[in-house]
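Just passing along the structure, written as structure tokens.
Per-chain residue numbering starts at 1, and chain names A, B and C are given in the order in which the chains are listed.
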């Protein structure tokens, strides 16, 4: 796409009136404000959380003992919970979302595709508190019933949270996968079909290989959303501290209650923590860890998307 | 024919996935409407909460949510316009243009609860505002800023270069082109983005639960300091926890239905403009 | 309907056998509609085997659409409907029991813009072949070499088969697309203005390729270039727009006088 500058830059000798640069100045100022906000957020977390790293060192991340009254802050169980819950959600949502995206992009006529896209985006817009409510009132009991052979203690568990998150991120994966596939030129599809490939073969040999960046980005962005989701997870995860699987290879730990970083932050402990500087620093550092996780995922996704659009151009 | 069989199987598999996705929405919508509808009435929307949500209505919750999202829009719209202009006009074609997109991605990726904590530290504690509707509005505004901006940017990039070249050819200065060509033509993007931003802001709980909202006891805000509001999502959040009184049940679902309806309404309202942008993008 | 009986009147000494054999590809009463509006009306063509059949006419007359009807690629454009018959070896190509993918492997197509896949040259050549399943993997390089030779590309790429195909020049890419089609061994090759995007030298090499190809295969060539039609085609059909619909107005062998005569006139009329 040709990118032409908007207007010929006027030479300085003709002077720029104040008004001519005002819009430009304001726009840049606003953009700087947004950047400043992000930087302020990041610095605040680093600064306010600093104390606990001194106190615990890397044990903050790798030890499983969160007993704030005794000034122990080992958040391993929460990191574990976050990863398990989000990973499980992704495992469920990614294949279905990509499959659905393939269907809407390749097998549906334009009108239907738009209709499905709209439906799915509405699904993506449902507030997390509503998902949480549904989780409490339906999913919780269903999980408890379905897992009864294994005698779970309650329906609130890492599994429940994982399933709920999967439903929440499914629309994201689907919409973005659909967009990624739409970016593949129809000339390519036509050339493949002209050679006698079936539609499925053309999708698998031509479309998917070319759309892979967008699809991986879709998965990563969905992962980011799952990692950061607080309200819905808070309501169904059980909020049990210091959970750690006795046997890493069994699935048993999944059906027990747990705690994620976000469920801890959304709890009343945040307000309690303010009174104690170390406790407060610990809570903030939890936020910092979450920030780091989501930032990595987001940055990679952004890179992929930009590489993808460079390829299309 | 083996190849044809594989094709049919693949087609079926992907169709099932799409059906699952759409089916989930249908089930969710059905569940909420079925349970929430009994609670919906004129009284529900015009009265305030009594008996911890077991009676009365959600009038002030609605007021609070409206105040919060309106503030969010006022905060984010100008910023969105500025950033979109930087992306679409001042840095168009430059290799720095991607950095704007990067910024938006970054902002969008920050979990909403971290906005809430940030607000707690800076506004509630440091500035000493206590819980305030303004804090909530600002935080929500920054949260939905990417949503508003991206819609606007998408609209701007579909503006034909020919329009802008014609304007430049007539001798208009850059800022005149912006105000008389770019912005008016991009209005549909701003409307779309604003509606989607409002929809998103309306449903958020995490940014406001520490900073702006309480469960009961507030009506209209009176100033900025120590002026929390009630809100719909937080109301649902509190009631949903712990085992709740069955008599609260219908009202809880009614609140959920109302919130859902509000969010869906705003999102659907954006549809005509979004479809128009889609049409225009195809024809260019 | 004019049968093509007279030999070419231009300089080459080719003796043409009187064509009483059955046509390899035929259309009867072919109409194409976009919704309610007809794009092509009542097209009747008979394409003889081992010939180059040219379809000429001004842009917008529907030549590409007509071409795509022959291998049913028109079905992939949403909104278009086909009525009438297309017969391959006397049997309907649109019958419900026909395996469309197999049909498209037998009737290959070359587009105006070369479409190479973002893979290596070798991967491009065998792209269609791999899915057909008719040739064993061990034979792929043999088939690929044969196809590249037939497309006059072998000597230019034989030492760099693993390089990305995008590095080739446009003319080479078009020949690569031809090789890719040839690897599938089609009886008929459709070509939709294959040289309009190319420089004169590449055009020349494609044209001489076409003349070679017709020894073993049939070529249906769409072109808006009368000179090309003259150089390469044995028989032509001229498609122009009448009352907003594309119709075949003349068909037959190319005669010397045609370039002052009715075909040129139709052509010029359609260009307005």
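Here is the rule we use: a residue touches a chain if its C-beta (ideal position, glycine included) is under 8 Å from a C-beta of that chain, and two chains touch if they have at least 3 such contacts.
All values reported here derive from a predicted model rather than from experimental measurement.
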item	value
Furthest chain, CA centroid comparison against subunit A	C
Comparison of A-C and B-C (more C-beta pairs in contact)	A-C
Chain at the geometric heart of the assembly (C-alpha centres)	A
Gap in Å, rounded to a whole number, between the CA centres of subunit B and subunit A	17
Inter-chain centre distance, subunit B versus subunit C - centres from mean C-alpha coordinates, in Å	53
Whole-Å gap separating subunit A and subunit C, where each centre is the average of the chain's CA atoms	50
Contacts with 2+ other chains: residues of subunit C	101, 131
Sequence positions of subunit A contacting 2 or more other chains	198, 201
Multi-partner residues of subunit B (each touching 2 or more other chains)	3-4
Sites on subunit A touched by subunit C in the complex	109-110, 187-198, 201, 205-206, 209-210
Subunit B - residues contacting subunit C, complex	1-4
Residue ranges of subunit C in contact with subunit A within the complex	71, 73, 76, 78, 101-106, 108-109, 111, 113, 115, 117-118, 127-128, 131-132, 177, 180-181, 184
Residues of subunit A that touch subunit B when the two form their complex	2-8, 10, 17, 19-24, 26-31, 33-35, 37-38, 40-41, 44-45, 48, 95-100, 102-104, 106-107, 114, 116, 118-123, 125-130, 132-134, 136, 138, 167, 170-171, 174, 198-201, 203-204, 221, 224, 227-231, 235, 262, 265-266, 270-271, 274, 283-284, 287, 290-291, 294-295, 297-299, 301-302, 305-306
Residues of subunit C defined as touching subunit B within the complex	99, 101, 131, 133
